[in-house]
Amino acid sequence: MLSEFAFVGVLVIFATLLPVAGLAVAWLIRPKKPNPIKQSTYECGIETRGETWVQFRACYYIFALLFVVFDVEAAFLLPWAVAYQQLALYAVIEAIIFVAILAYALIYAWRKGALRWI
Amino acid sequence: MIIEHAVQIFAFVILTLMTLGGGLAVVTSRNLFHAALFLILSLAGAMGYYVLLDAGFLAVVQLLIYIGAISILILFSIMLTRGLMMPGQVQRNEQWWIAALVVFLTFVVLVVTMWQTVWPIADTEALRAPNIAIAQLGAALVGPYAIPFEVISALLLVALVGAIVLAREEGNQPARADAETGE
Amino acid sequence: MEALIDWLVTTFPPLSEGLARFIVYVLYSAILAFVAPVIIVVAYTYMERKVLARIQDRIGPNRAGPLGIFQGFADAIKMLTKEDVTPVCADRVVFNLAPILATIAAILVFAVLPVAPGVIGADLQAGILYVVAVGALSEVAALMAGWSSRNKFALLGAYRAVAQLIAYEIPIVLAILVVVMVAGSMQMSAIVAAQDVPFVLVLPVAFLIFLVASIAEIGRSPFDLLEAESEIVAGFHTEYSGMKFAFFFIGEYMHLFASAGIATTLFLGGWRGPFAGPDSWLGVLLGFIYFVIKTTAVIWVMMWVRGTLFRIRIDHLLDFAWKFLVPLGLILVVTVAVALKLPVIGTSGLRWVALLVANVVTALLMMLSVSILARRSRSAALREVAGVE
Amino acid sequence: MAIPLPWWLTVAAALFAIGLYGVLSRRNAIGVLLGIELMLNAANINLVAFWRYITPQALTGQVFAIFVIGIAAAEAAAGLAIIISAYRRRRTVVVDELDTMRW
Amino acid sequence: MEFIFNLTPLIPLFPLLAFAIIVLFTHRHNRLSSSIAIGGIALSTALGWTLVLATILSGEHAWAEGWQLRVPWLPAGTTVLELGFAVDGFTAAMLFMVPFVCLMIFIYSQGYMKLGQPDQDPRYARFFAYISLFAAGMLGLVVARDLVLLFISWEVMGLCSYLLIGFWSFRKADSEHHIDAAQVVRARQAALKAFITTRIGDVLLFSGIALLYSYTGTLTFRELFRPETLETLQAISLLGMPAVTVIALLVFGGAVGKSAQFPLHVWLPDAMEGPTPVSALIHAATMVAAGVYLVARTLPLFIAGFVVADAPALHWVAVIGAITALLGATVGLAQDDIKRVLAYSTISQLGYMMMGLGLGSLVAGIFHLLTHAFFKALLFLSAGSVIHGVEHGAHIAAHNGHGHGEHFSPNDMKIMGGLRHRMPRTFVAYLAGALALVGIVPFAGFWSKDEILAEAFHLWRADGTLNLPFWVWLAGTLGAFFTALYMGRQLGLVFWGEPRHAAARHAHESPSSMTVPLIVLALFALLFGFVNAPFLGNPLHHLMGNVHEVSEVVHAEAIPFNPTVAGISTVLAVAGLLLGWSLYRNYRAGQVEPFQAALGPVFTVLRNKYYIDDLYQWAIIRPAVWLANFCFNIDDRWIIDPFVDLVGAAGRAASDIARVLDSGVIDRWFVEGTAQLFNAAGRWLRYSETGHVQNYLLVVAVTILLLLGLYLYF
């Protein structure tokens, strides 16, 4: 197992090298003529007004929330799915109950209008 | 064998630098967004630990849930609660030095205890082959751990319901029922 | 891979097994990290332009080289020599890290892709979960890019991008869940080995979910909301230019290929085909060719979709994920789980039939309920309009 | 196993201490939450390390670690929602200023 | 037969499901919700009675040994915390009573809760959800195989009692005339009081359970009460006593809280602020019975402590029981609120049960628990019916223009009178309940109370000296007299004489959904005593007498019927009843009460409940508030401030300190007086330092560190 992950480790190093090398090469050969207008924040040619970090609506957060919940569900269900073929029916039913509870979470969010954009 | 050990120790050192360095940056960084990014670094270090400890599945789960989901949630909420990203704001409270003292003492006590205790390490044969298949884990989840397994889903449901109730903007409800949902 | 390591050890006796493994790993990593991106980007941008041009009744690139086949290299040189502008108020470190992370995330997926018989970087037990997990890194990269630019459009774009990515990750996971259930493993090689019948034939609904969600996941039309020019300029990479932008671009195409490759592995039998096998060099090569052909076919479908459909609205996009694909996926998981455990299903042949029936029934039921809901909501809307007037 | 068990425990203890420090000293509620995540991770490292060195054939260590991760997800979700809600009502996420419980 | 026993977990599950369904789905539909709740408890009742039958038919072995089911609940590595279900003779006896009384109360509530509420009141459904959950808790407690499930159920009931007592702690509209602002405040305070008071007991119980688990590694009753286990516990010494005694006392502490025994009884009378069915359910029939049940269930622990040394936890039970019995009965003499009288009567009867258990007689205590549940539920429900009638009378009176705007309490017995003609069915039911409570042959209370007294008498005669059983007997007999006296007073005030208020004049009979349960319960109050009547051979003794077959201190065999004891208590009861009745039946409004005239200052003491509530207010609550303030100040002035100064003096953290100096703390130290400094520093630091989560967390961290150090190095 370690050796398999060792490959991932090696790949991480090489994968980091690629963009770093690319950026380094570009840094060497690209022109550098900065000026304040070029470096200002791009807003379709209009001067930036107000703070950049305007507050965003919480509905983004709620989507992220649902995502977290279902991600955890996946982490629990995938091992179950691997074991699925060896399992008895009752174990399958347990997992279905698990899914049903989370489906209820989705339905709840749906009915509360949390899935509504704006 | 020696090379393998050396590689492991090297990896351990690197990962420790990531984890603890990232952790320190999390608690000291003035910019909260940076703190959250350092948290990701630290979590990635912990993920590496799991790999070194032969818990590959757990490492992937760590990547999936902690780095992929929880940290996104944290980054989102940092962006949602503006005003704390003012750079230069003091990020630690007045009791920080007492806290540091207490924490340091706790750490010392823990470490001393850990090194004094004789741990009932498993025999070498067992240490060499900790091959737990994911299928075993899955079967355990619906076998002996069935009740916690279901409780987790209920917990997630409750957390979701509570979070939705809390996080939803009040007084922003359209008067008519949502036609799309077919309610 | 293992065969290559063995061969190295036996041919060059002083090499220890570990060292040989290390050499092979380095070589393969270098191929994946340096060679593959260039080839993929050049080949598939060219293909995309040609395909889109054909769909739109144009010729497409035709200047650089014969039939314009060097167009990609020309682009690369342009990117490399362009001035790189960093906004003054940007958070420089994070700003520079974001494209790097995006590229890493895209390349890392290739580690578990079985591109040919026996050729797989890391045949992890949790292989497919690893794919999903690594995909999450690109979300972090998008958030980093959007936040560090200190640009309203970039930040908004990052928000949207992440909302979309996370929304479509769940259907992908659910489709994968079905595959894992049938294959009995998360290991990529085992999933390929389990496909005596390509899963697309017995799990068509899962395949469709996966395909649609993948298109959204890599942010292509009709789900290219992340870079809807008319709304948010260019999304989270608005402020990026030159090579940094190029890396986002590379990441995107790597992601495209990786997604198609995973679809191939999960549903189309991966490298499997006549005479392909790990035993001979020829078999391996044949397997690789099958893999590339299948993957290219999937990519072609994605391009076809892009050329045909229009961009959909952000609320529809999220609705489609959360209110259609996720419920569909959940129902599919439950139906398949039940269908395979029915007392009559024992033999292999019946198994496939049961799966197909479960899929089709689920799809039909879902379509039916959606059409009923749609009719009801349409008439409700009509009534409302009538009531207002 | 090249690294003896106490080293793992020490690292985990250090991570725990760092997290605790964050919890105790951060003014920002989200910063406090980050500290909690660190602490949970430290606990997880301990679980896995003990599993690996003491009961490598048992499933308990890994299963518990998965449960801890799941619980951490629920905790983060609810905690962040509370912070967002508090922010919306009080316009602050500074813990010192969230002191309704004082009187 | 085995199959039926396997259904045991369903008994608490039905009401639990009803709760879940109401809360999740049907909380908008009042009628549906109440039907679901009643359906749930009806199923439990049916199943419970089937189980009772099955147990009885299974023969003696099943009565003593019982049936059990293990559920691994929390696998934690090598140890598994289990919970489980068990049914034996004792459980069967409880299962006969609990679900049935709950069912009666549920049906009654359906009529009662409609009272003056708008149709769409969400609280109606909520009420049924709460009482369903409550019933689930009580049933879970009864079928528990071990302390884990028992404690879970125990806490569920604690939560429900809090919710239900405070049920009227908010009101929706001004139209709800019966919930005025004062009621809201009272309900809130009563709920808090009940919760906090019982919590004291709960903490004790939990410590007891923790100790048990740490010493024995199991929490299952059968395993705990094996002689080997008990011997181990006897051998361990803890705080100079055998561990088993300490544990028994801790467990008893839990029972004292839940069953409203002497020092912690104060919550129960206040808890009458809840709706009347709640009073019947929680504060008469079931929840307070939980404490008694707990003591009965863990009786071997008490006995083991009793046997091994002269640190008799068992005697404490008897003494506390006797004190409570007398205290409740005497305070009951001087109360005006119809429900409060019953509340004190409950306290006193619970004292009787504890007396019985403390004398080592499991059956006597539990027999009284069972009969008391029936007749006290009956009394409370009848009282509810009376209140209901009086409120309706007030409506009618207000409609007719009488007594409009005049404030009165429908619970006040002083305004009632002559109701026996206006509410005949309620009157009959009430009378049956009263006679049972007082202990007149052949009503249920006679048999059970007599058995406790006979037990005490027997133990006294066996010894011959003026020992503890003698005092217990004396207290019990006196208590019986006082019981009769206050019931006579109550009957006279409520049902005889002339109505003393327009509301009482216009009172009329309640709807049949309320009176039918009354009649059914009245039948039980009349007949239930025969399940353990001596001339039928004491069937209950056979059923549950052998549950704890560990020690001879528990009497499996019934004490033979003792005409002396029965004669004395009956004579006293009749005399008390007649005395009370005759003094009060012609009571007129505004008159000085006969008891007050006769007793003088003693009456005032009784009316003020021996000033125990005031004592607590004065001795515990005020100091607690003061201490809280003190700590708060100490934290401000004497710890944080010197720290800051120290830091300043050391020249560290210069910027912060500069702020401190600038803000004038140090300046004032020199310039103005010390007093003002303290004041200012306190105020300044109060704003910057206290009330913050992290301060508390820091304190927690320091404490843990200290404990860790203590544990590791000392």
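We call the chains A, B, C, D and E, going by the order they appear; numbering starts again at 1 in every chain.
In this section, a residue touches a chain if its C-beta (ideal position, glycine included) is under 8 Å from a C-beta of that chain, and two chains touch if they have at least 3 such contacts.
Quantities reported herein were computed from a predicted structural model and do not represent experimental measurements.
Chain pairs A-C and A-B differ in how many C-beta pairs are in contact, and the one with more is A-C. For the pair chain B and chain D, the distance between mean C-alpha positions equals 6 Å. A separation of 40 Å divides the Cα centre of chain D from that of chain E.
For the pair chain A and chain E, the distance between mean C-alpha positions equals 53 Å. Chain centres here are Cα means. That of chain C falls 63 Å from that of chain E. Each of residues 20, 24-25, 55, 66, 69-70, 73-74, 76-77, 80-81, 84, 88, 95-96 in chain D touches at least two other chains. Annotation for chain B: residues 4, 8, 52, 54, 56-57, 61, 64-65, 68-70, 72-73, 76-77, 79-80, 93, 95, 99, 102-103, 106, 133-137, 141, 145, 148, 152, 156, 159-160, 163-164, 167, 169, 181 touch two or more other chains. Residue positions 1, 4-6, 53-54, 56, 58, 60-61, 64-69, 71-72, 74-76, 78, 81-82, 84, 95, 102, 110, 116 of chain A each touch two or more of the other chains. By the definition given earlier, chain contacts exist for A-B, A-C, A-D, B-C, B-D, B-E, D-E. Chain contact summary for the complex, chain A toward chain C: residues 1, 3-8, 10-20, 22-23, 25-27, 29-34, 36, 38-44, 48, 52-54, 56, 60, 63-64, 66-67, 70-71, 74-75, 77-78, 81-82, 84-85, 89, 92, 95-96, 99, 102-103, 106, 110, 115-118.
Residues of chain C touching chain B in their complex: 18, 91, 94, 124-126, 129-130, 132-137, 139-140, 143-144, 147, 155, 159, 162, 166, 184-186, 319, 323, 373-374, 376-377, 380-381, 384.
Residues of chain D that touch chain A in their complex: 66, 69-70, 73-74, 76-77, 80-81, 84, 88. Residues of chain B that touch chain A in their complex: 7-8, 11, 51-52, 54, 56-57, 59, 61, 64-65, 68-70, 72-73, 76-77, 79-80, 82, 85, 131, 133-139, 141-143, 146, 149-150, 152-154, 156-157, 159-161, 163-165, 167-169, 173, 178, 181, 183. Chain E makes touch with chain B in their complex at residues 72-75, 643, 647, 653, 656, 688-689, 692, 694-695, 698, 701-702, 704-705, 708-709, 712.
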